[in-house]
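Each chain gets a letter, A, B, C and D, in the order it is written, and its residues are counted from 1.
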Amino acid sequence: MEDFELEFEVRDYECDFQGIVNNSVYLNYLEHARHKYLLERGINFTSLHTEGIDLVVSRTEIDYKYSLTSGDRFIVRVKTKREGHLRMVFEQEAIKVPEGKTVVKAKVIGVGLSNGRPMKIEDIPGFRALLG
Amino acid sequence: MEDFELEFEVRDYECDFQGIVNNSVYLNYLEHARHKYLLERGINFTSLHTEGIDLVVSRTEIDYKYSLTSGDRFIVRVKTKREGHLRMVFEQEAIKVPEGKTVVKAKVIGVGLSNGRPMKIEDIPGFRALLG
Amino acid sequence: MEDFELEFEVRDYECDFQGIVNNSVYLNYLEHARHKYLLERGINFTSLHTEGIDLVVSRTEIDYKYSLTSGDRFIVRVKTKREGHLRMVFEQEAIKVPEGKTVVKAKVIGVGLSNGRPMKIEDIPGFRALLG
Amino acid sequence: MEDFELEFEVRDYECDFQGIVNNSVYLNYLEHARHKYLLERGINFTSLHTEGIDLVVSRTEIDYKYSLTSGDRFIVRVKTKREGHLRMVFEQEAIKVPEGKTVVKAKVIGVGLSNGRPMKIEDIPGFRALLG
């Protein structure tokens, strides 16, 4: 299992009328960190899409522990493991910096689709190396 | 347990480069349905906020079963139950119409905060009646 | 010049920390109304995209007259005219209902791209009829 | 007139079904750059909001010159000038890096509201110094 982390800063437009980052926006942060993690390993979502392969989210579990607000800085961590032949698990968390407070913890499951049909994770270009 | 449903239509700007609704956008749909459900029962999120009370999401579990795309119509259903004194559970699903295909199934847990501190669900104005 | 209108309701997640709809969200509303307007005339953005033709925005002018907030209902109007051979002008406004208050007024210019190169508006499938 | 610039990178969720950054998202980028510009000068939007003062956008003109896509890096520049007593003009542009290609050019007009009523720009805390 490999580790990766990416730093973000909350932008005002991501906060809702409660003055905190809206619950849906954390899925954007998590996705961006996953895509950068995969890109660093040579896996490009938009290139795969043009080849007819899409990695899509099949399940997300997310615990919201602490609410971020305007200007807060945080890092998103990514770890991966395979679950069976068809599921890629991303264990993710967001940590407020510099305090080190846990913001969210999440488990995101991705599956590969080749022209809409499920495919083995190891058959997605670039994933075999990732699985080690 | 009461039932509620609200119809939506996918807007093109909600679709990402894969041509399908982005995984984060479903949390927007689910939230909007919850807020309309509560509003119909006399509970107004923005009014509560001005009184120092915020209902925030503490956990979301969502299974993505079928990807929506441009122009698709769907309904979002809401059912609620209390879990302990501090947690309100929203059982939600999105169903594509007219086919009746399940799009997502979700369990969203909300907690009440009074000036940032946890409060009993039954003490949130309007929730006692909701809990029956 | 033809007229079209579509009704919307503000969703809480579209409001920012100021408690009003964020300035960028109005462009989402305007775009959705344009796409529905064109769809009603047989022009489908996503189908055109798969044929290698994209209608993209080249300029937007928008005056914000009145701020919408949680639960507000409004209609978006669309009128079109051609400007030269390459530009389609959408004159749009959002009107709060039932009061009839003007929310925004906008002029949006769209251009057609065929595999990235400018094309005559009348050569975009479906637009000749629209231009009358 | 002072200069400011901030670097961004396109995130995949900001791209729509056409594979390019949606036209509304540029207003998010421009807003974030304006807020960081003002913050650097000691002006905090969320703090002002809690004092009953909101700086809101009254008009935006934006020319879209070049479409950004997945992973593109760009800088957003901000210059300001006062126009009359009530209007603050932000002249902004986004430039793709490292190529230096112009992505968008925009003129955004902001006005100050004190509990909903227009106020002189120089009376907004922090703006007098900004106006020089």
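Criterion: a residue touches a chain if its C-beta (ideal position, glycine included) is under 8 Å from a C-beta of that chain, and two chains touch if they have at least 3 such contacts.
Note that the structure is predicted; figures quoted are calculated from it, not measured.
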Chain pair, A-D or A-C, that carries the greater number of C-beta contacts: A-D
Same-site or different-site touching of chain A by its copy chain B, using the half cut: same
Averaged-CA centre spacing for the pair chain B and chain A, given as whole angstrom: 22
Chain centre separation (chain A, chain D; CA means) in Å: 28
Mean-CA-position distance for chain C and chain A (Å): 32
Junction residues of chain B, two or more chains touched: 12-13, 15, 17, 19, 22, 24, 28, 31, 45-46, 70
Chain A contact footprint on chain B (complex, rising order): 17-18, 20, 22-25, 27-28, 31, 45-46, 49, 54, 56-64, 67
Touching residues on chain B, where the partner in the complex is chain D: 12-13, 15-17, 19, 22, 24, 70
In the complex, chain B residues that touch chain C: 11-13, 15, 19, 28, 31-32, 35, 39, 44-46, 69-71
